[in-house]
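Report on the structure given below.
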Amino acid sequence: PDIQSTGDKRNVAINKVGVTNVRYPISFRTPGEGHGNTFIHTVATINMFVSLPHEEKGTHMSRFVEVLNDYHEGITSDTIREICVTMQDKLKAKDAFLELSFPYFIDKKAPVTGQSGKLDFDVTFEIASGTTDDFIMTLKIPATSLCPCSKEISEYGAHNQRCEMTVKVRVAEGHHLWIEELFGMIEKCASTQVFSVLKRPDEKWVTERAYENPKFVEDIVRDMAVTLNADDRIEWYQCFSENFESIHNHNAYAFIECDKRPESA
Amino acid sequence: PDIQSTGDKRNVAINKVGVTNVRYPISFRTPGEGHGNTFIHTVATINMFVSLPHEEKGTHMSRFVEVLNDYHEGITSDTIREICVTMQDKLKAKDAFLELSFPYFIDKKAPVTGQSGKLDFDVTFEIASGTTDDFIMTLKIPATSLCPCSKEISEYGAHNQRCEMTVKVRVAEGHHLWIEELFGMIEKCASTQVFSVLKRPDEKWVTERAYENPKFVEDIVRDMAVTLNADDRIEWYQCFSENFESIHNHNAYAFIECDKRPESA
Amino acid sequence: PDIQSTGDKRNVAINKVGVTNVRYPISFRTPGEGHGNTFIHTVATINMFVSLPHEEKGTHMSRFVEVLNDYHEGITSDTIREICVTMQDKLKAKDAFLELSFPYFIDKKAPVTGQSGKLDFDVTFEIASGTTDDFIMTLKIPATSLCPCSKEISEYGAHNQRCEMTVKVRVAEGHHLWIEELFGMIEKCASTQVFSVLKRPDEKWVTERAYENPKFVEDIVRDMAVTLNADDRIEWYQCFSENFESIHNHNAYAFIECDKRPESA
Amino acid sequence: PDIQSTGDKRNVAINKVGVTNVRYPISFRTPGEGHGNTFIHTVATINMFVSLPHEEKGTHMSRFVEVLNDYHEGITSDTIREICVTMQDKLKAKDAFLELSFPYFIDKKAPVTGQSGKLDFDVTFEIASGTTDDFIMTLKIPATSLCPCSKEISEYGAHNQRCEMTVKVRVAEGHHLWIEELFGMIEKCASTQVFSVLKRPDEKWVTERAYENPKFVEDIVRDMAVTLNADDRIEWYQCFSENFESIHNHNAYAFIECDKRPESA
């Protein structure tokens, strides 16, 4: 007897049941300028869930990872939504949820010498299919913040530090937003950007740019909001910055959430 | 000139601004049975935020940690709500938010020998004061789960593993719920409990209890929901269990959310 | 003036100076059975160091990551040692050290149905070139342990849990050891193995195998030692197992170190 | 039959066997200036091990945590060494090892206003008793580093960041070193110190001090070495600094190890 298929009398539906912490190789198609198939290979940590109605005792745990293993040619950015729909189908569920977190890489040129290098940052995709179809993308973008107050009151210097700007967006139906696009929009919101390799003229440039462009954590998160407000493809967002203060052992933080859809006003 | 006090023209209000990752000693009063002041000493990781209206440029970062440092006699469970109100007051804010995460300890007796030992688990408090007053308590409770399917299909044995049950509750106004009470209600929902010290007769007892009481992750989370539904002090909850499967390198997971208030139906 | 090139008067040599926490895509050649170039794509977290003599003020930080960025075709298992030598050369150092940690994947078949799936685990390489050439490989292998005492004293059942076996080996000069080989040798040392996908006949198999093969953490680590002692390619090792006890909120642990070289006796 | 007490034929001694990740409340006596019993209450994560000869099958796992639970009045800095000896005794072992990691707190005054606040940092104790008696103390001290090269080449400003200086020392027999003493010696080695609360005159002070005192990671670790070399109570040390570069998404790092005892020359 398959215990999972017996009924359940508790009258409690389960919102999400499935597997967490599955690690898997995955490839992402980049917005290549005419070169066709350029892929970034990375490793995702994956959570997979379905909803379970109150009268069903259990789901079929082994089928979740089977869905991944069925992609013999490899999982790519082109097949992620399909995986969520396949999950829903194979588990005969009303709702399926797929979450993937992975390091991502962008080739960035140093600001003066133009020397190229890879910058890494974390990305999360949250996909839902069934009762509601959904796609939320989160980027954690490293940058530099320089304190306006410290600059103002000091005869020389100003404390600055690495910060991490997190942006979580829901893209309106029918629109598309590349990781690279969102990254480029948001990294401009800090005092200056970080780079993989900086030679001496580059280091001079970023040091002076940061000093010329002081920002409180409140300024950074407001500039993120202004940027996200201006892009009509984004219908909802959360954004925050966490600044790893060089003068404290704790962090400064600011957070904004905004839903642009009229019905949510 | 105090830059933080100059105006801001971007017309963007900030939901939360403040400090994160502040570590601080804190004491908790336990529900002593007539012995009076029994305290547990632990260390909290603290986040402190206020809301900031669109026309104000910045908050006063140094005041957040000052509020903590003003408690020369030490921060206790009795003063936590007061800290949140003081924050709101000192920062002249419409809303203040205080989050504390800390390890907590319960003295538990082994089931047969009665030998006593400390069991540790993680607790989080989320407090809001201002526009909405709120108090949410989260416990992460370790226990044992034993797989019904594995027991059913195998001639002997059954795979079992440590699981972690997370319960997040909002207590209705005018009611009180001790950490110890919620812990006691929830740890019964797994196949068996974990202990600090188990002598041989105790180990026999927990091994046999788990085998007699097999539960899928779906069963555990449903039993958590049934328990939480039955307590009228709890008006909203989220609960989930994550089982660190002994036969896989990934985890099984199930999640339920419920809002009991009539207006949310 | 290039400050790094001025002298230093403190008379203190630095053992290691460089960069930590660099994330980078990397490919590993697998021991393909005649299919030629089969590669696993993963992401490494990389530390890169050189030694610095007492009279030199500083190293050239930007050159470390430049070495990685120079591999336009991608970093592979074939070029790792070369990277360490290049570092030593470009930094004009007596010693260079390269550490890479990355998730790795093995295709494993379920024990009865033969269904294939990817199993993930963590690998670290530590490479040195210069005064001493060295190569140390570390694998963290998930498996199942089942307690002999619990089985012995209980009328039915036995507590079991996921464990993680860590093995760190130095391979003798002129010899080679694949990740896949070491993984295969060590995963046999636990009560049973873990798998990516288990259908019902497979779950019955692993449950019964674990019950038939109870092992204390002491047994697991001793069987690891016996296995490592028997392979002449391995001239030094450390091994340990950490068992995430299903009946406690703490872990059981055992550790053995052995140097087989005669001069170390 | 007590399985652990049966013999073992594999002829493999175990260096360390025991429990890991035990969390426990602990109190530390501070170097009070005449006020007597001033204690800091914190929570330690504890590992406890003994050695096991080749002919013994297993140790007695339940006794490790029992040793902790026997301290009904609480574990303090005064009883830590005693716990290690008790472990060795109760487990009838040739060697016992005790490791404790915990957050620690120091009251620090802001440099200009003198406002007091708690600074947190991580401490580890490693204790051995038996064949060799040993005591190693590790502190992870947060501070600020400011880049000399960035200052030199830029017209204004200089990149700076939080750094973490780690110092691990073995104190010579018959000597004593307070956590507070070692902290005070080492935090001076960075460009400037971090504080819990900084008002405007304090922030001006730390900003200017950092700018006047630029240091490469190589300078920081060399100044740590010079400081540690000068204290005769310290007979061996390792020290390193990790600087969370504000201009990169990776860290700068430098490490020095030194054994002062003549026989190790």
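List of remarks:
Per-chain numbering from 1; labels A, B, C and D assigned in written order.
FYI, a contact is a pair of C-beta atoms (placed from the backbone, for glycine too) under 8 Å apart; a residue touches a chain by one contact, two chains touch by 3 or more.
Every value quoted in this text rests on a predicted model; they were computed, and no experiment measured them.
Path length between subunit B and subunit D in the touching-chain graph (shortest route): 1.
Summarising the inter-chain layout, the chain whose CA centre lies farthest from the centre of subunit C is B. Per-chain Cα centroids separate subunit A from subunit D by 35 Å. Distance between chain centres (mean CA atoms), subunit A to subunit B: 26 Å.
Under the contact definition stated at the top, the residues of subunit C that touch 2 or more other chains are 22, 65, 120, 149, 196, 198, 200.
Listing the residues of subunit A that touch subunit D in their complex gives 119-121, 142, 144, 146, 149-150, 153-162, 192, 194-196, 198, 200, 203-204, 206-208, 210-211, 244-249. For subunit D in complex with subunit C, the residues that touch the partner chain are 1, 3-4, 8, 10, 12-23, 47, 49, 52, 57-59, 61, 65, 148-149, 152, 216-219, 221-223, 225-226, 229, 240, 242, 250-257.
If you check the complex, the residues on subunit D that touch subunit B are 2, 22-25, 27, 40-43, 62, 65-66, 68-69, 103, 105, 115-118, 120, 196-200.
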